[in-house]
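These notes open a run of structures that come right after.
Both of the next two complexes hold subunit A, though its partner changes from subunit B to subunit C.
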Partner chain A sequence: MTISPPRPVGPGAGVVGAEPSSAPGLVAQVAAVGRRSVTRTLRQRGLLIFPLVFPLILFAINGSSLSAATKIPGFPTSNYRDFALALVFIQGSLFVSISAGTDLARDIETGFFNRLALTPLRGEALLIGQLGGAFVLACIEAVVYLLVGIATGVVIASGVAGVVVLMALSILIAFGFASLGALLALRFGTGEAVQAIFPLLFVSLFLSSSSLPRNLIKVNWFREVATYNPMSYLIEGVRSLIITGWDARALALGFGFAALLVLITLALANAAMKSRLVRT
Partner chain B sequence: MSHGDAAIEVEQLVREFRKGPRAVDGIDLAVSPGEIYGFLGPNGAGKSTTVLMLTTLLPPTSGRATVGGFDIVRQGSQVRSTIGAALQEAALDPILTGREHLLLQATLQGIGRTERTGRADALLVRVGLTEAADRRVGGYSGGMKRRLDLALALVHGPRILFLDEPTTGLDPQSRAALWEEVARLAHDEGMTVFLTTQYLEEADVLADRVGIIDHGTIVAEGTPAQLKAEIGSPSVEVSPVDADADNRLAELLAGFGPPTRNGRGSVTVQLPGGEAQLADIVRALDQADLRMASLQLHQPSLDDVFLAKTGRKLEGTGDPPVDDDQPAATGRPGRRRRGR
Partner chain C sequence: MRGFVFVARGVAWRSIHNTLVSPAILLPSIIFPLFFLVAFAGGLSRLADVPNFHYGPGYTAFVFVFVFLQSAAFGGVFTGFAVARDFESGFARRLMLSAPRRSGIIAGYAIGALARWSITGTVVTVAGLIAGMNIDGSGTDLLGLVGLGIIFNFVAAMWGCGVAMFLRTEQAGALIQMPVFVLLFLAPVYVPLTLLTGWIHDVARLNPASVVLEAGRGLLAASPVDVGLAFGLLAACAVLLALFARRGLASAERAG
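Here is the complex of A and B:
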């Protein structure tokens, strides 16, 4: 394979003295990076399928094997799937964190990040744009989980409006975890560091009210941990829309912790981006 | 060269890493506009660290440098708008196509929507990737990736191009093609090229001037011819048709300098008077009726220069195999004399 013989090229096409260009605006930068991130997510079907399928497998297993839990006095629903569906949304969000973080870490490892750093791209635009793929993945997950839930007999107590709020909450949670993934990628620069957090998140998920309502947990230390574990309130916010209907307290706590998660992880990720994107 | 006119000017540039030695230890250099400057050295010599500093991606510990007239510390954004860079290992996204890479880069460089497509198309033609433009980069060969890397560095029409080991790992044909394009950029379009390499041949064939770096310091600098001339004269190796004639051959060549027998009948002699003595040798062989099977002129190599300056050989630290059928091995691509 050889390079074509010298020939004139189009106006300013990489030639010396091409018209100088001005830096694009923040929105254009976010859109450009976001488009790439979304394209990457949609083209890696293998990476799409696992986060979709794994929580649904657990949902199927829990839905049948733990159905006896509904016999416990005070259990909030007679269909365990109604109860278990919230966990699926949170598990999906954890996978989004891995996807977003690994993508960014790969860019750092391969030098693509340096290529972007040589353009007038702003750190904020790079961070938000990179999370575009995570946002799309979170949307797809939310729709699929909801459809599967409804198809298996789950009834959304809060109705159609509740479905919209449920999706918004689950996407917000996913965005928070995606920012956490990005933070780890930017802080440590390796995919291994991003993946290392996954077991910890999974453990914290099981040390929450994911399997039983907090008031029905008999083991004191477990109930205490679940009470102080913010993961419980994320799950309970989603769950309230499915089981209870409109529970203002649960929703306020759910949205509150999700927003806090987004704010903290995004702020830390932005600071890490500034350190990582060292340009003079 | 007047330093004030330099495209790249470096004074006492230092980069120290925590708990490590000085990767770059007070280097000085100046590169003229339109010049190809080869920065030659083994792995770990400080080449890439220098490039990272000059491209504003790594702040120097001390010293100063300007690129395109802009200070690399205080005027980073102006430096970045002036330069294109293809850093070590083609940094590409295997999931995106070649065209998508170019459009992304053009967008981030602030090139208008209407102009982007035309510019991407023109660059794809230029680097010979038109047919592969809509294929994902993950399926590209090493040479194709390097050419796309080069095209990406050219998207915004930079005046100065940094290439960090651009041909590492490439086959001879891809290497020659890339050299051809780099030479054309400098010699036809007046682009300044700062090229790091650990390949002697690449520096010799492509660079107008070479700086040899070792342990963070520049140990020699000049044109390849100057550097080689500094350390010695060429030699000629003569092989007679009749291997038994080696004694007569050695006797005859002794008139030009101390002969060295190489086995298999061939004899080598240094030419202190340079290549001009070659004609005298041929005439002497003819007059003595000694028929030659071959006669080879050996020029001192940059490896000899590296050896003389550092006491070590650079050859063998990663030099690519030379394929004699490749144009790259036979001459300097697109070479033109410029009135500098």
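Here is the complex of A and C:
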């Protein structure tokens, strides 16, 4: 006996339910999956608030509590909030990874992925499309953090053009962490596995130059760890635009590590996606 | 009274047993304070070079007192999570049906919180000593610091129990944790109160956690500051929050 699947109706039906011969192109597939991902992200307003607000709470507290650090000889700015704002962008990116991974894991846990495996949808389209919601969340976060920073007196040393580059870098970093979340979801298939990575990411964030410049870290082993920790270079790339202006080395390292994160995690996630979508 | 002791002992035994046999429960309460100790003492020790930063035992000891008291508070907070979990799983309802004196349930959870913190506090102290922390205070001073931690742990446990018993869902976790987290971080965490400026100074000056923190640091440095006030504030909070937890229990009893 053969069972014909019902023809899907509604938005995106032409993509996931179409016959292989009439399957739309990659861009159309990405757009359809991405639209679903963005809609889902924007509908979960409760889940949007915490990733937005928590880094800002820490920014408000640490920006003031650590202002005495600006009196350390050699500290690069006279306002600690200028220094601390970069950390807010990275913390927000870590939350994006959880959001992206958890959404994907939920699709796996509810069986949505298994149903998609029956369609001609390409794995690459599914992966990139699924990250659409994370991309939108990253954009919203970047705008909000920037506006809050400026409202609290932070001056962007690199000017208007620097703001554009800062947004691009922070969104690229967030996309990299979102891909990491997606990779974990695809590999392990559960939201718990995605959530479990968060403390590790948070620890690696604090074992970096997040609170003081590396050259001012007094404890040797901590300075070594911060130097080998790629998180330091992501933070320093963003921070350079805020407090230094145009620092080619910091920007190259920041964009370089962010691009590397995106490439590695996307490649691994794509491989995991292929095994997840194996048609049985 | 016998009924109270019987219930308290039973709940405490279960709470301690669950903590000891389940790494998922014990490890976070150990790892987080250790992480804060490493991150702050390692990454921020240059703050001790800020003009007018005077703390005899050094920056590691300065941070240690915060982490020690934070671990005490979070020992109580995590117990609040356990209470919420017991309500959601239905265990708490069965417990209330069988308990001859229900106030013993709160006491049992409080003992469980203290036992949990005794492990965490010991680990944090050993880690601080390994990291080269200096202790200038006498044995009596250190007992005073431990005493502050014990009452702080009780206060946080009562807060956690109260919220968990009022809401009876694991979703109460954020409401249990966030106020304690914010209260602690609105105290002089990284530098003494005198070096804080702006709004954080005004808030920290009014924050009861600041008094407890500064008293603890004074005890470790053998130069006690406002110790009586710190114990008095904590005792007042303990009484108020014990009443709050009791009302939470009454709310849970009414809900059935």
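Assume the second predicted complex is superposed on the first by the 258 of 280 C-alpha atoms of A that agree within 3 Å, B and C clash if a C-alpha of one lies under 4 Å from a C-alpha of the other, contacts with A are read in each partner's own complex, and residues count from 1 in each chain.
By definition in this document, contacts are C-beta pairs under 8 Å (C-beta built on N, C-alpha and C of every residue); 3 or more make two chains touch, one makes a residue touch a chain.
This one's a predicted model, so the numbers in the text were calculated from it and none came from an experiment.
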Contacts of A:28 with subunit B and subunit C, given as first, second, both or neither: first
Partner chain in contact with A:40 - subunit B first, subunit C second, else both or neither: first
Touching partner for A:245 - first (subunit B), second (subunit C), both, neither: neither
Subunit B versus subunit C as contact partner of A:68, first or second or both or neither: second
Partner chain(s) touched by A:216 [first = subunit B, second = subunit C, both, neither]: second
Comparison of subunit B and subunit C by subunit A residues contacted: B
Which superposed partner A:153 touches (first subunit B, second subunit C, both, neither): neither
Touching both subunit B and subunit C, residues of subunit A: none
In the complex with subunit C, residue positions of subunit A that touch it: 57-58, 61, 64-69, 71-73, 199, 203, 206-207, 210-212, 216-219, 221-222, 226
Residues of subunit B touching subunit A in the complex: 55-59, 72-74, 76-77, 79-81, 83-85, 87-89, 91-93, 95-96, 100, 104-105, 107-112, 115, 118-119, 121-123, 125-128, 136, 141, 143-144, 147, 151-152, 154-159, 173-174, 176-178, 180-181, 184, 188-191
In the complex with subunit B, residue positions of subunit A that touch it: 1-4, 6-7, 9-24, 28-29, 32-33, 35-36, 39-40, 43-44, 107, 110-121, 278-280
Subunit A partner contacts - residues on subunit C that touch it in the complex: 28, 31, 35, 38-39, 41-47, 49-51, 53, 182, 185-186, 188-191, 195-200
